[in-house]
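Paired with subunit B in one complex and with subunit C in the other, subunit A is shared by the two complexes that follow.
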Partner chain A sequence: MSLADLHFFKMTREPSLDALCAVVAERHAQGLATILYAGGTDWMVEQEMRAPLHDEPPLVVDIGRMGELRGISLAGDSLRIGAGTTYLELERSAVVQARAPMLVRMAKDVGAVQIQARGTLGGNLATASPAADGVAALAAYDATIVVKSARGERRIAMADLQTGYKKSTRAADEIIVAVELAPPPEGSPWYWRKVGARRAQAISKVALAGVAVVENGTATRFGVGMVSVAPVTARMATTRALVLGKALAEITAEEIDHAVDQDVTPIDDVRSTGEYRSHVARALTRDLLRQLGARV
Partner chain B sequence: MVHGSPVEIPRPSVGVSVPRVDGAAKVTGEALYVDDLPKRDGELHGATVRSPVARGVLRGVRLDPAFNWSDVTIVQAADIAVNTVALIVDDQPILAATHVNHVYEPVVLLACADKAKLARAVRAVTLDIEPLPPVFDMEQSLAKVEIIAGEDNVQKRYLITKGRADVKVEPGAVNGESATAIDAAIAACDVVVTGRYFAHHQEQMYIEPQGVVAWWDTDGAHATGSIQCPFYVHKAFTKAFLLDADRIHITQAVTGGGFGGKEEYPSIIALHAALLAQKSGAPVRMIYDRKEDIEATTKRHPCICEITSGCDRDGTLRALSIRMIMDGGAYVTLTPVVLSRGTLHAAGAYRWDDVRIESIAVATNTPPNGAFRGFGAPQTIWAIERHLDAVAKKLGRDPIDLKEQNVLREGDVTSTGQVLRSSVAGAECLEKAVLASDYRAKRARGPVVSGRTARGIGAAVFMHGAGFTGSGERYLKGKVAVDLLAGGRLGIRTASTDIGQGTETVFRQIAADAAGIAVDAVDFAVPSTTTCPDSGPTVASRTVMVVGSIVENAAKQLSARVRAEVEAHGGTFGEATDRLIAREGPITSLLQYAPPSFITWDDTTYKGDAYPCYGWACDVAEVEVDLDTFEVTVVDFWSATDVGKAINPVMCKGQIEGGSLQAIGWAVSEEITWRDGHITNPRMTNYIIPTSLDAPRFQTILVEAPFAMGPGGGAKGIGELPMDGGAPAIAAAVEHAVGVAMGSLPLTPERILAAKQASERTSA
Partner chain C sequence: MKISLTLNGAPRELDSAPLVRLLDALRGPLGLTGTKEGCGEGECGSCTVLLDGDPVNACLVPIGQCEGRAITTVEGLGEMAHLSPLQRCFIDEGGAQCGICTPGMLISAEALLRRVPDPDEPTIREALAGNLCRCTGYQRIVESVRRAAELLREGAAR
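Up next, the complex of A and B:
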């Protein structure tokens, strides 16, 4: 499909986040959806797959240039990343490189450089897919999502965001503004491993994101997020509890495998099999903990 | 001229990597692919309504009465003069009339000026189909669980016998006596090994999907598009529209890859567009999107090979029995020829005293499988190479030693009884690839485990017949016209298409050297059935070797005339040319291919010279297998490939590296997945071809064992050979790395894990 084949739609920009909230609220009240267009990397694909059955053109608002959704800043112990930040911007940000290097590593595995230049962290959160690499990375950092609507601003913890396959607690009129996370001390260990069907342009079969703070052989902070092993991004509660509960050197492979099996419910689909995903989920978790000091 | 080329091209140009003539236009976007061609007056878009059912009786077609059909052209089977796609067997309708035999089978054609409305119109058609039980599995088809095609579901059979298996058989029949004889020959051997090997579908995944623009005028029917073989389309039009040959005009547009996928399929899309154009009276453009292209068009044939072989304790190969089945899909299309090439390559590049190869192609209710680079040979070479790896294991030897010991050499006799008289380079390729890759030292060291990865190395040795099988070229009578043009230029007119492989450039080099003129003094006409003679199809690794030799002879003939004129009356080459044209009018050399006189071939017994010559190669793959995830990374890939003579070394290496990468994709990641006859991954996002990041370091060694009849000093076919060795070399490397012998493709991490777990269960 070429761009010329795109179906008709109305595209606008809004001067400010408040103006955007007003437009979304007004349409929402009328039962109309508003498409927020940032990088378009999901939306463009959906257009190709969608037959042009409706005569009513949808409203698409280009938020790619909205200043209030952009920018990366560190204030005290909080790293704030605008929802409109692209993967390439993450990769190139000195503060992210220093304080949240796992995000940089993750970003390099998303699609390929073209997608990294267009796709945004906010877009990844908006689709709320369990296959989203960025969401797993944010889950590992136990990030918080800042959303805004005409009703005001609120924060959603990553743990409370996803409720089911591509379903979230974010209301239809709420716009993702930024993510906030408390970065571990500089130099803390982190882990990112993506298993896809090829080295680029691949949606994860499984991916594991992890961050930790280790003191005297014990993890005092441990966050993980796993991709494509459950209807939602897997936060691995059992595994987290296991790791935070005892000295890393005392954790056995059997305990890890058992915990992971509690935490994931992978399925067969077009990209892989449930059996393979279970195996990889265990193997990557062992690999992560091995790097932290577990003797497995 | 060589477009914008600042490079001074030396003479002679053969052996020099002349820049691609078509390169600049393609890089700058100037080249017009079919979807870029200017819109014709009143042009409509065409679309296809396809069966959602794998097998059934077509009871009727319902058009939604609520839809406004006034500006939509509708074509059904009843509108077609002769509802048959002309190919080998006339079993495939242009549109399903009474039955559907695979999902995606075309049933109704629609055309409309408004593309969005056309998409809605497709959804406003309901096909009333009474389902019948489908057959998706080739062994179930062979077992006649359901009769879905002909009397017994069999599309074609071959039998090759040699040595003790060569008992008298009825022509064409599969005779039990030869089976008894080969079993006895194998039983007499010291070491007997049996194995079963499976090769899977593969999608060609050319960058440009299929597309055609068709229209009618006072000259008859016209079609232009992404076409590998314009005369195939011409033949299809002759049959379907009952038109005289000179009323049909098929022209190639710039074509973005084919790999066989645009050999026979374009006949169907061109017929569809022309039917809509005929009924509507308007030009019709049909361009498939990627999904429709993957779903509806042909793929590589899946193939099962059951092999039993016997050898001496010292490794001398003695007796070989192969029973192979190919899945032809719902209609015959090119299956008999694919099965033939697969059968002829099944014994590999090795000497055997006694051979029996029984091959059968059966129908299934899946879209017809068709031409794809290698044409059946990669499937059977996969099997025999994996089998010899298993034989070597049983003998306790390295596979490469066994292969070196038994590889065909000059004077040896193939499974069809062909004596290899010259241009036999298997041993040389093996030696060079083994040396370059340091294979023996790496094998001796064993797998290198570092952290959580294991590294292994493996090799495949193979040959690929160049040109048409047996007497094919004799029937084809391929022709080329070369025109003598003002100023001493030459113009090549051929139906051989450049679909990305470099034909335009290489033909210019061959003609220029033959005539003793500069490469940029040679023109290449757009291939068209109206202006070019039928050179035979652009397939079978025959373009450079066969058609190129006609080009060479025609250019020599014209040049001789001009040089005689120079001798007689003086002046330059250009001046003498102008005098000749002034005196005699247009001067053209129209030549027909003269197959080598030594070739003898019997189609009934499948004995004789299967191919005029063979390209030879040895591929070595070094892989890293992740011990946690079983992902296979091909790190290095060496290929020593005998091309006879490299006309253009850079493009020649490009063919080898591109073909090898296509083989790597087939081996490790590409897989068509099915549900109830539907393809569940018809997209580039989930049918996984390798990216440039997945490509290994290629180290390609050109070996030149010239073929006396080849152009430019001995060029042989190169198009398909590089597809043959990648998969078995990688599988051998994986086996070396992690000890799992995979007999089924593809080598996805999921399958390697399952095989490893199964082998651990067995050994436990």
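Up next, the complex of A and C:
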């Protein structure tokens, strides 16, 4: 326990995103870390587990109410969600309810209401855990992450974001600003199912997020993201190719199982076993495809 | 850091290191020990308070982020002589036993009833899912919330 160290941290606020980028860049150049504090649902828990501080603690910048990281807007065919958006805000957003209902369903499964009120999509992306429900949902929507640094703004496709366990292509001085996604037409099918030890307040053993557009019995758009079955959020390239390649009614259970086995590499850990996770990964994928029209 | 906030409807100021947990600020310098510490890692909900109307775990909120914001603790729900309907129903329906989870349960239920005046049982259970009780088995807590909702609706209709 090192909660006593909390007394030694300093906290500041910056007036704008550009000012924040400058502070992060300057400290980064000096080899100093900066903690961008939004909901703190990961960070505060980590402090309890951390060894006591010996050096000057990293600067904490409160970004919880920074306007440029907030807001949800639909412009043409692009839904933009500020990185500082909490899960509770996602649930309450009329535009998200209408255009990206799977995000609403997913948000209700993140922790309990107390966590949903604090945790943010940007925080989920920054931690980049393969157990992150929000990241899997964004993978299913094939979202794009907008990041900004003193060097400028750039966009990272979800497919290019994660490179290994809690590792990403986002540079240390890049701040997650927003996510952008192209919502499927209203009323399109979607899927979210989380398997955990209990219905609330559980970290996923496995969860599956899916979005699809089906025309004349064939999926013309199909995106999935699976939680806790690989070192990174599983985007399931083999399964995607299978589903997009033929009429849904012609896809067999054997083909699905084989594709899922190619796409996941689950391990034993404190929450589950690799064997159980493989079983659930196949079962959830079949369940999703059954709902889209596959006879499995 | 000087921090100004609204605590149970009244303006308060304190001088605190900004990363000190809201839970410790409440129980220490702010002198409100109704909010309990259970797990200290956002799992059990016993330290639940309202932050601008939404329930949060006070063990995960740094006091520095509370500048200019409104906090409601269990002390803000009612007084000994004038208990809130929720507090009264937890007593009458047997919703409180050892009492450690009760302040958090009351706050989560308060957040629910402010938004949903007539919640069904699954809605109550979902709203309380982040509050763990090791005594009563939840049924009486759910009944307490349901009864309080009835009382509040009857009061509103009068």
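In this section, the second predicted complex is superposed on the first by the 288 of 296 C-alpha atoms of A that agree within 3 Å, B and C clash if a C-alpha of one lies under 4 Å from a C-alpha of the other, contacts with A are read in each partner's own complex, and residues count from 1 in each chain.
To be clear about the criterion, a residue touches a chain if its C-beta (ideal position, glycine included) is under 8 Å from a C-beta of that chain, and two chains touch if they have at least 3 such contacts.
Quick caveat, the model's predicted, so the values are computed rather than measured.
Q: Tell me which partner A:H7 touches in the superposition: subunit B (first), subunit C (second), both or neither.
A: In the superposition, A:H7 touches subunit B and subunit C alike.
Q: Is A:D287 touching the first partner subunit B, the second partner subunit C, both, or neither of them?
A: So A:D287 only meets subunit B here.
Q: Considering only the touch criterion stated at the top, classify A:A19 as touching first (subunit B), second (subunit C), both, or neither.
A: It touches nothing on subunit B or subunit C.
Q: Is A:V195 touching anything from subunit B or subunit C once the two structures are fitted on A? First, second, both or neither.
A: First partner only.
Q: Thinking of the overlay built on chain A, is A:Y276 touched by subunit B (first), by subunit C (second), by both, or by neither?
A: first
Q: Check whether A:G64 is in contact with subunit B, with subunit C, with both or with neither, and answer first, second, both or neither.
A: second
Q: If we overlay the two complexes on their shared chain A, which of subunit B and subunit C does A:A112 touch? Say first, second, both or neither.
A: Both partners, subunit B and subunit C.
Q: Kindly classify A:G40 by the partners it touches after superposition: subunit B alone (first), subunit C alone (second), both, or neither?
A: second
Q: Could you give the residue numbers on subunit A that contact subunit B in one complex and subunit C in the other?
A: 7, 45, 48, 112, 199-201
Q: Mind listing the subunit C positions that touch subunit A in their complex?
A: Those in contact with subunit A are residues 1, 17-21, 40-43, 45, 48, 51, 54-57, 59-62, 64-65, 108, 111, 126-127, 129-131.
Q: In their shared complex, at which residues does subunit A touch subunit C?
A: 3, 6-11, 37, 39-41, 44-45, 48, 60, 62, 64, 88, 108, 111-115, 117-118, 199-201
Q: Flag every residue of subunit A that touches subunit B in the complex, lowest number first.
A: 1-2, 5, 7, 45, 48, 51-53, 112, 195, 197-203, 270-273, 275-276, 279-280, 283-284, 286-287
Q: Sort out for me which residues of subunit B touch subunit A in the complex.
A: For this pair, the touching residues of subunit B are 35, 115-116, 119-120, 123, 289, 452, 628-629, 631, 669, 673, 680-681, 684-686, 688, 690-691, 693-694, 748-750, 753-754.
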